[in-house]
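Letters A, B, C and D name the chains as they come in the text, with residue numbers starting at 1 for each one.
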Amino acid sequence: MSGFDKVVGSYEEAMAGLEDGMTIVAGGFGLCGIPENLIKEIKRRGNRDLTVASNNAGTDGNGLGILLEDRQIKKMIASYVGENALFEAQMMSGELEVELTPQGTLAEKMRAGGAGIPAFYTATGYGTPVGEGKEVREFNGRHYILEEAIQGDFSIAKAWKADRMGNLMFRMTARNFNPMAITAGKIAVVEVEEIVEIGELDPDEIHLPGIYVNRLIQGTFEKNIEKRTVRSA
Amino acid sequence: MALTREQLAQRVAQEFQDGYYVNLGIGIPTLAANYIPDGMQVMLQSENGLLGMGPFPLEEEVDADLINAGKQTVTMVKGASIFSSAESFAMIRGGHVDLTVLGAFEVDCQGNIASYMIPGKLIKGMGGAMDLVAGADNIIVTMTHASKHGESKLLAECTLPLTGKGCIKRVLTDLALLDIEDGKFILRERAPGVSVEEIASLTAGELVIPDNVPEMNV
Amino acid sequence: MSGFDKVVGSYEEAMAGLEDGMTIVAGGFGLCGIPENLIKEIKRRGNRDLTVASNNAGTDGNGLGILLEDRQIKKMIASYVGENALFEAQMMSGELEVELTPQGTLAEKMRAGGAGIPAFYTATGYGTPVGEGKEVREFNGRHYILEEAIQGDFSIAKAWKADRMGNLMFRMTARNFNPMAITAGKIAVVEVEEIVEIGELDPDEIHLPGIYVNRLIQGTFEKNIEKRTVRSA
Amino acid sequence: MALTREQLAQRVAQEFQDGYYVNLGIGIPTLAANYIPDGMQVMLQSENGLLGMGPFPLEEEVDADLINAGKQTVTMVKGASIFSSAESFAMIRGGHVDLTVLGAFEVDCQGNIASYMIPGKLIKGMGGAMDLVAGADNIIVTMTHASKHGESKLLAECTLPLTGKGCIKRVLTDLALLDIEDGKFILRERAPGVSVEEIASLTAGELVIPDNVPEMNV
């Protein structure tokens, strides 16, 4: 089964081959379900001029935010970047290029990148700055814009459980962008909370088949919460 | 009197129908969940991949893996389902959500909405708002009618970068409920104690005032 | 909860409103996971001039094949129709219009129909009869054709388990086209083997959320097998 | 001697590598699963929504809900996963399957393939074949080299409606293994006992014959 054993021995090995200037597609929503240790490893490696497609850019000191500290990211493709002062400063100063992309379009661009769909039409963004310079076409009397797929040299993502073949299950809203991000990278690296034996996952309950996963590692997670909001009993 | 946040939320909740799947934006829209009438059930969609969002968790229920689109910790109700962001926006873009409620900086009488960016000042990003306004047939925008300086936010033409073009048909402000039809605002309801004249003076876009403009029931 | 209770009392009620000339998007692959009782109800209703999008057209006497007997189908959109002599005869004679569509393109067209994507590009079918008359565009040096979404007046599909809200789970390869077919219909009708109480299905294990389902009915199924193939112990 | 079906399947299996995800078409390609070398594992993808297809079931294991793309009852191996048809073809179209093996009526030295339709005679449909040939980088076509009447099926230009254009790089026939490069067939291996001359006489498309054309190891 060696050929299907996706488990790597270390985070160094997990991100081996990442080079300056590469494009990374990342899973996670806010700080929920982010591949936090893979991001730390990218910081440790010190790769620069990265393009990162991710819904958010983390927060100051958390998630992708830590890659901004050393100016490792040249360009972000994201839908929402409002939680991060350093991000805003770098964007305003022009150090950081930002391609604001509607959340659903971003998710669909990642899915398309993994699914051999080079481009698709969507009404989202028509008539707005997002649509500028993009082809507009009418279908059934409505206007749509053409959006192209996103692919990455690497994907980084976080899942809950995996078997050694890389079959994945996610947990609650930590699923978010992770499945699509994984499919869109040439080398898909996934960190998980638990690796189980092959055959332990019910084939009907696997959220993403291992065919998309190249490297798998078990980690421990801080799981920081951006907005802890509770009610009283 | 201008509506309070709570009254705005109450009025939004009057648009709910039993069996509605609803996406509520951050802020006042989210508050509307507190005013779902007794005996009625709506399922709340959170665009990060949850249908069937429940109340905030008790301290001991908090789970970092369960948040809403505003990144707040939440719970799930019975019958909830979890899905990916691609599936979530397939649902939204495909028009399967019955009602969407979200905030805005400006709307205009062409049905345009600006809600995500103030050039040079605020660039947080559109998040899911562009998909929501493009995907939903039934949208209510909640906002203040005018700025603190008395400048109308219901315009003849939006001045800020658009979130969506020609997609808004109903606006609820702290002063009024208005529909948008044929390039005009139609005044449907007034906030209690607010005069038609005051609303007209604070509405920059073309306004149609029907003979009878009832007060809201809030 | 009445507003979310999708369960209808009879197959008559399940297909109420289906009219001559309407378009139906159907789940199933071969005879696996087909909405067999909903198809029988359509035969009983006798609607004519139907357009049906389904990967296959059943077999003689089974599945959609029974709608051919009374010539209820005007047009089939399918990828493979080789199991059905009556189908072939009606197609050859010109009584039945057939739009042969590659299997993956058909699945994606149904998904697009449900997902607000009016059209997408795919390399599948470029330079073949499927590509004739369709726009060709190059992305990154490769040729793709433009394919448009499929939507139906009705979807008919089969799932394994549901709760009364229409949250669905499928079983093994009976999943196939069913999830996408359901999303693509204005009125989505699903028959299942078992209906459980709300809250019994784990939110992480639901394959398709109930938001897509309009009518739900519990049925009993013949589950005919086209090619029973066994090995000896 | 022309290869038997079993020998064709054996030769196909020599293309497998440990850890390959493979889609095998109906017929001879499917037989190749019987010749996976010891100590090697491949996962079989069935385009109706199964990755990790196992052998045919025992009589008592037969389940109508578990079939392959040829509609035969099958089983699952450990590590199998189930998914929808849209996901299955996302996988195929997106190039995630390592090797695809399928049959054909004709191929030509431009890499075109015709496999799904004989006008006026046979119109069964393309099933997943068009997606498979468009999506895979690594495809082997298995077919007989010529018709029963001795007409070549390896042509300068396909005569039947195409399944895919310019996508085939390797063809295994009952007589030979050939690559397609720069508009030519390159003869790589001969079936045991089959002469280069026989292969050349039955290949209508331009054929390049290297100095050394070894016999297949089957």
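By definition in this document, a residue touches a chain if its C-beta (ideal position, glycine included) is under 8 Å from a C-beta of that chain, and two chains touch if they have at least 3 such contacts.
Only a predicted model underlies this, so the values are computations on that prediction, with no experimental measurement involved.
Visitor: Name whichever of A-B and B-C has more C-beta pairs touching across its two chains.
Guide: Here the pair linked by more C-beta pairs in contact is A-B.
Visitor: So how far apart, in whole Å, are subunit B and subunit D when each is placed at the average of its C-alpha atoms?
Guide: For subunit B versus subunit D, the centre distance works out to 55 Å.
Visitor: CA centre of subunit A versus CA centre of subunit D: separation in Å?
Guide: So the centroids are 35 Å from each other.
Visitor: Let me have the rounded angstrom distance from the C-alpha centre of subunit A over to the C-alpha centre of subunit B, please.
Guide: Going by mean C-alpha positions, subunit A sits 28 Å from subunit B.
Visitor: List, in ascending order, every residue of subunit C touching at least 2 other chains.
Guide: Correct list: 108, 111, 115-117, 122-123, 170-172, 175, 203-204, 207.
Visitor: Considering subunit B alone, which of its residues make contact with at least two other chains?
Guide: Only 50, 76, 82-83, 89-90, 92-93, 134-135 qualify.
Visitor: Based on the touch definition given at the start, go ahead and assign the chain network to line, ring, star, complete or other.
Guide: Graph shape here is other: it fits none of the named patterns.
Visitor: According to the definition already given, which pairs of chains are in contact?
Guide: The list of touching pairs comes to A-B, A-C, A-D, B-C, C-D.
Visitor: Can you name the residues of subunit A that touch subunit D in the complex?
Guide: Those in contact with subunit D are residues 1-4, 111, 113-117, 163, 165, 167, 183, 198-199, 201, 203-204, 206, 209-212.
Visitor: Note which residues of subunit D are touching subunit C in the complex, please.
Guide: Of all residues in subunit D, those touching subunit C are 46-50, 55-59, 61-68, 70-74, 76, 82-86, 88-90, 92-93, 112, 117, 123-131, 134-135, 161-166.
Visitor: Touching subunit A in the complex: which residues of subunit D?
Guide: 17-21, 40-41, 43, 45, 50-52, 76, 78-83, 87, 89-97, 134-135
Visitor: Please give the residue numbers of subunit C that touch subunit A in the complex, ascending.
Guide: Listed in rising order, the residues are 108, 112, 115-123, 137, 139-140, 142, 144, 148, 169-172, 175, 203-205, 207.
Visitor: Can you name the residues of subunit A that touch subunit B in the complex?
Guide: The touching residues are 29-33, 55, 78-83, 88, 91-92, 98, 100, 102-108, 110-111, 122-130, 143, 160, 170-180, 207, 223-233.
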